[in-house]
Amino acid sequence: MRLFGKRFAQPGTSPGRLTKHEGVAPDGRISLIHFTAETLEERVVEAVSEALSYVDQPGVTWIDVVGLADIGTLERLGERLGLHSLALEDVLHTGQRPKVQDYEANTFVVLKHLHFSSGRLDSEQVSLFLGKSFVLTIQEEAGDDWEAIRARLRSGAGKIRKSGSDYLAYALIDAVIDQFFPILEEYGERIESLQRVLLDESGQDELKRIHEINHDLVLLRRAAWPHREVANSLERSESGLVRKETRVFLRDCYDHTIQILDILESYRDLARGLMDLHLSMVSNRMNQVMKVLTVMASIFIPLTFLAGIYGMNFDPDASPFNMPELRSYWGYPVFWLAMILIGSGMLFLFKRKNWW
Amino acid sequence: MRLFGKRFAQPGTSPGRLTKHEGVAPDGRISLIHFTAETLEERVVEAVSEALSYVDQPGVTWIDVVGLADIGTLERLGERLGLHSLALEDVLHTGQRPKVQDYEANTFVVLKHLHFSSGRLDSEQVSLFLGKSFVLTIQEEAGDDWEAIRARLRSGAGKIRKSGSDYLAYALIDAVIDQFFPILEEYGERIESLQRVLLDESGQDELKRIHEINHDLVLLRRAAWPHREVANSLERSESGLVRKETRVFLRDCYDHTIQILDILESYRDLARGLMDLHLSMVSNRMNQVMKVLTVMASIFIPLTFLAGIYGMNFDPDASPFNMPELRSYWGYPVFWLAMILIGSGMLFLFKRKNWW
Amino acid sequence: MRLFGKRFAQPGTSPGRLTKHEGVAPDGRISLIHFTAETLEERVVEAVSEALSYVDQPGVTWIDVVGLADIGTLERLGERLGLHSLALEDVLHTGQRPKVQDYEANTFVVLKHLHFSSGRLDSEQVSLFLGKSFVLTIQEEAGDDWEAIRARLRSGAGKIRKSGSDYLAYALIDAVIDQFFPILEEYGERIESLQRVLLDESGQDELKRIHEINHDLVLLRRAAWPHREVANSLERSESGLVRKETRVFLRDCYDHTIQILDILESYRDLARGLMDLHLSMVSNRMNQVMKVLTVMASIFIPLTFLAGIYGMNFDPDASPFNMPELRSYWGYPVFWLAMILIGSGMLFLFKRKNWW
Amino acid sequence: MRLFGKRFAQPGTSPGRLTKHEGVAPDGRISLIHFTAETLEERVVEAVSEALSYVDQPGVTWIDVVGLADIGTLERLGERLGLHSLALEDVLHTGQRPKVQDYEANTFVVLKHLHFSSGRLDSEQVSLFLGKSFVLTIQEEAGDDWEAIRARLRSGAGKIRKSGSDYLAYALIDAVIDQFFPILEEYGERIESLQRVLLDESGQDELKRIHEINHDLVLLRRAAWPHREVANSLERSESGLVRKETRVFLRDCYDHTIQILDILESYRDLARGLMDLHLSMVSNRMNQVMKVLTVMASIFIPLTFLAGIYGMNFDPDASPFNMPELRSYWGYPVFWLAMILIGSGMLFLFKRKNWW
Amino acid sequence: MRLFGKRFAQPGTSPGRLTKHEGVAPDGRISLIHFTAETLEERVVEAVSEALSYVDQPGVTWIDVVGLADIGTLERLGERLGLHSLALEDVLHTGQRPKVQDYEANTFVVLKHLHFSSGRLDSEQVSLFLGKSFVLTIQEEAGDDWEAIRARLRSGAGKIRKSGSDYLAYALIDAVIDQFFPILEEYGERIESLQRVLLDESGQDELKRIHEINHDLVLLRRAAWPHREVANSLERSESGLVRKETRVFLRDCYDHTIQILDILESYRDLARGLMDLHLSMVSNRMNQVMKVLTVMASIFIPLTFLAGIYGMNFDPDASPFNMPELRSYWGYPVFWLAMILIGSGMLFLFKRKNWW
């Protein structure tokens, strides 16, 4: 599923002109189901004209075209079923947003069929034309979520055979939309497992508590918001079941939901700040650690250097310049004095910088 | 309370078909309260038909079903009370958003019953059907917030026995919604205690002041917003209590609330930036610490290495290559010169990098 | 001012039942001002019945109740003045949002009285009932912002004595709302002083410029937004003062304000990114510092170790294994060679990692 | 320009009372331009009564008051021109939001005059009353953007002399609003120069690319949004120039703009995450650097310490406890063995922590 | 494309005055296409009067002016075609937002022509006047996206020659708007490639998973939102194709989309927190590393210093003060004891600070 997944015509070209796009799967397949409440005929047709002959017969015809390669087929369908050229252009320019457009003789619907392909999301445009006695669906590739609907048609159970083309269109659209649920379930699990990994690894109790609060506030809000609509729409219900005397109480109930959301909103505002607080605290701790390291290193590294100096083996016998300190009477005490002065001087400096 | 807590039918299956879901508690319980202003009968019934016989009698019948396992019960209820199959499907597909849906003969309400279970939030779907003379509630599990309402029914105090099924429905819904208050109280305390812990640990005064300002602005905003509605709805009040002459003053008052919110909004915008300022300041301080450490270490570590070199005990007698410097006349002064040159060279480099 | 400051009844209890809450100040005070344009009577009354006798007299009666402890008083007031039980419940359940609710005989207003108490915000619920001839105010605690209004009533200056109960209610509400201004002034100063402290401490010029730009954009936006409304409402003004010919020019003026806001919006979008840029730059500088430290330490620490090895005093006379290197002919040159190889090897490694 | 720049009356004081505020410039100036299409008279008047005599003459009178110190002047103007006391109060309580308020006899407009004063934004409230035959403007301080309008009035060119008071008011308001453009130009340059500085200093190519993308997306969005309105308002245009046949194509065009904005929105969502990715990458690199430093230091510092131990000069002759290892037969090999064991032990530990 | 790209008149100058701006390309070009369904005449004209003579002839005239330098041309066009002076001012003040403004005789459209120039976005204002029988386009610079439209006009194919000036205007506007698609395609690729680079470099698996989830949620949301409109507008469709019986099912379908969006919204809320979790985890790891370094360095650096002290070569023979410890009987054991005490003391300190 590319970030920019749209096909488009060169700007300035004539609107409604059908052009074949590269990378389109070469051969398609046209299948057809024609049914009335009593009968059902299901076929794979060779030519589109074969399918079109069913449309005028009583009953509902569902023509399902797979593949966008054959522009001739689309043109013939468009001509015969009265499809608008702008709509047909949108069929070919895949990557449209889902939308409904009413034309005079039929309604054009664009849907997005989502599915996983090797663990990543993939999407395909599904175009649907709803006419008085037909439903025409056009898919980019084979493989759809409609097998269950075909089974319902064949079995004749439920309302689907007895209802018209609009019910069939509804069933097809509903199946495409319901595909989101398993996908959302998958992502819910991914988020939860990733959370668990991150929280385990960090091993910080505060972090866990912050995240838990944020997590719960998100769920609380999801639960609280629609309750507001519940109270409100019951108060204004026109079903006649809610009497006037009860409405003042429902207004009070609505008032409660407003208060709940108000409080939740301020919680969320504050909870957002908690993570910042935590991060600031963590970097503060790191600062503490760094200061200790710096103070220790800064004091003892120069002292160690000086001790290293007097551990050198320059031969005092070879020259009077060679480390005469080593033989001087006050050498060692003066060295210690220097050490102590340097060390306490640095400590004093760091104290003044407030590092200790 | 799972992130994705919804049950759903396989995409494409017939809408309104009732299917049992896994993990549903196996056995339920049907209890019934039938009351008029004068009488009250309360029973646990075995079969649903027993309960349905009460519905046609004068008065209000409250049927409370616990458990979703028995689809037969639901089907019989649906048939007898005229419940729509889509509504019944939503009863089984728990994890719905709370909503109200008016059907011809009754109103369908979905609620979410929240409660704590071992410290974490847990939620359960509660479905409610409101009819002319009955209220049907369907809960996932036993344990509800309605004991107080049952007590009010039994005692006959207040309006509840004298009012119709809509008032009962209101009371049930209100109880579910009011359950949010103790939960919010709990989270208010959690947030406040976590704040206190984080602020104590960080021990930074600025952080405390920033957080205090943010905290107060959130509360100020919560206080200021509804005042705006107060001034506005008084100005437009149709109660007849506010005369025309006073309205111009209320408009002025409304104007003040607008100014207050305006100012608050810009405060919040700026206060959000304060945390960034603080974090930037903290990392600047850390930078300072790191620079001192780096300068100290970078200068003295190489010098210590050199001092270490001349502290080695290679025997100058064994070979003319073995540390002849130690015995040279200018050895020690040259060593110090090198030390000073290296040290001041590095200092100069760091100064140029602006590190000192 | 607690995060969750609401009092609430146990979910499921009867709506409109008045219950005393814990922590409520025990004793209250009822004071009364009754005035007409000519006369004014001001009293502290013992029993509420005393106050109620004034309500039926011509003129306006302002009954001010301090303290929520005496539920009997509230009940008597409610009965006698026709206050709805839900409203009275809200008086006791402090922590309501400010709101206006029209009941049949009177209008119920909830306000929030904010004030500082030892430097922190504190809030108190103020309830107000507006009737035809009376205003009833109920405060949680003594201490209000209405002394100035009492003075105006006593002096008889201005419109307040000549106008009805609605003007008095307006004056009381206005005083409560205007209390926000000194509070906002205080917070404005806190934010500005904190900004100054943070910017001084960080001592970074870029940071200052970024913050200045953000600060100015917030103020610019606050100035620009309402100008849009100005141009728009003048264009649509129905006062008759703006002629049709001028409206096309005002539309142009409105168009300018739209452009201004458009540009401002994109500035704000970009300015938000500047802080990120700065932070990234700061952490990049820190990275630079760390790399220098790491390279210096990583090269010289192993070398110093090696030098330390050959500075040990194992006695070569005691055993042939004891540091025979020290007496070997090529010992010292080989040591230097090793040093140089190790050092340049590490430099090469760090160069390849792009650290130098 | 202060964060809280509002003047306000003590809460509770009588609305519409005019009080002088501290810090108001002491002396003002009243100037007057009276014009008809043919004549123009321009004067600086001493007393406000002088100016008021012009108002009743045919033509338009523009009275311009500078300075808020003289409340008497305002009161006389208010009385004579029928200005509402609430409006006059707003004139004195500077720091109002820009707004328009229609009163019976005139329209009250508040504007904000922005200008730079020594590099920082400064703002001043400008109040304007528009009457049938007069415009009254009241400024806080001398120095306005209206010199060009005065010149247009004097020259008599354009429509301004021929039109009424409303056109004059428009011209004055337009001039105040147009002052935003040079200010925005200045800030546009500040943002761009600051961006350049930050990007140069950071010297990171990825950062540059991220910022460039964000920058372009902001500009793209600013360009794309209004195109949507263009397509939409052309489709719905009532000018009669767009025929019905073309509207279906404009709907298609509108559809394209929706798609464009849709895609842009998701780009912005993702681009926001890029900076986080970058920061995470930077801190990861720092982590890498720190691990190398820690491993090197942690391995060699203890080893160096041990080498240092055996470089000490405790005299083995003075006591059997004084470093007998130095003279033992296996001393040196055992020392090396210990070194290797310690070093590889630590390496093994760090490997297990995944640091190497 | 500058951040502030607007040209504007000095505030206060007369509206509708045409002034030449600096930096405008000096010479322009006027070309003209006049066509009816049968004929087409295409010319480059020298003077504007030449072009204007075509406007009154039957058919549609498209006058295309390139360059804004010649104000006289604009004035003549304005006079002759009845263009409003405010519109002409907007033509010159480039940097307008795209907009449509209906004037009496014609409609004024501002568009923004975007294109890449050496890899960066560049924009140019395109002004379009639509009259009954003409289209006037005014471009800042040569080089437009309309070559394809000119070709369609010349070939006479499609509807463009047979339709009126409004269809031509539509075609021109559509071409300008469609230019966004290739630009968005380019940015989609830039974002994706930058993502890939950043993710590769960071080499962290969690980061990758977080980013993948965020990425997918953005795409899921883009797919899910419009489905909601699909279900909703089908339910409310007035085309007559959807019967009343089916609407209740479409309402159910709409309900599903609401649930999907609800869940998605809470996912996004949580996913936003994952990056914070990750960053906190990363800085925690860094903290771990720093603590190890600090503990190692802080313990061994002072010990090494002490070892260095006793490795110095002060001559004990030269003075009794010179390191008498080296010759004392218990010197070495006491030294070790001190080492162990110091080391374990520091370990104890660090343990108490919870660093180990």
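By letter and in written order, the chains are A, B, C, D and E; residue numbering begins at 1 in each of them.
Just so it is clear, a residue touches a chain if its C-beta (ideal position, glycine included) is under 8 Å from a C-beta of that chain, and two chains touch if they have at least 3 such contacts.
Bear in mind that the values here come from a model prediction, so they are computed numbers and not experimental data.
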| note | Any chain touching subunit C and subunit E at once appears in the list A, B, D
| For subunit C, the least number of touch steps when starting out from subunit A | 1
| Approximate Å spacing (C-alpha centroids) for the pair subunit B, subunit E | 32
| query | If you average the CA atoms of subunit D and of subunit E, how many Å lie between those two points? | reply | 20
| task | Name the residues of subunit D that each touch 2 or more other chains. | result | 3-4, 6, 15, 97, 99, 174, 176, 178, 181, 184, 187-188, 191, 219, 222, 226, 249, 252, 262-263, 266-267, 270, 278-279, 283, 286, 290, 293, 297, 301, 304, 308, 311-313, 323
| Where on subunit C is subunit B touching in the complex? | 1-4, 6, 8-15, 17, 97-100, 102, 106-107, 109-112, 114, 120-121, 123, 130-132, 163-167, 170, 173-174, 176-178, 180-181, 183-184, 187-188, 190-191, 194-195, 197-199, 201-204, 207, 211, 214-215, 218-219, 221-222, 226, 275, 278-279, 282-283, 285-286, 289-290, 292-293, 296-297, 300-301, 303-304, 307-308, 310-313, 316, 323, 325-333, 335
| remark: Within the complex, subunit B is touched by subunit D residues 3-4, 6, 15, 84, 86, 96-97, 99, 101, 311
| remark: The residues of subunit E that touch subunit B in their complex are 248-249, 251-252, 255, 258-259, 262-263, 266-267, 270, 311
| request: Over in the complex, which subunit C residues touch subunit D? Could you list them? | output: 145-149, 152, 157-160, 171, 174-176, 178-179, 181-182, 184-185, 187-189, 191-192, 206, 209-210, 212-213, 216-217, 219-220, 222-224, 226-227, 229-231, 233-234, 237-239, 241-243, 245-246, 249-250, 252-253, 256-257, 260, 262-267, 269-271, 273-274, 276-281, 283-284, 286-287, 290-291, 293-294, 297-298, 301-302, 304-305, 308-309, 311-315, 318-319, 321-323, 355
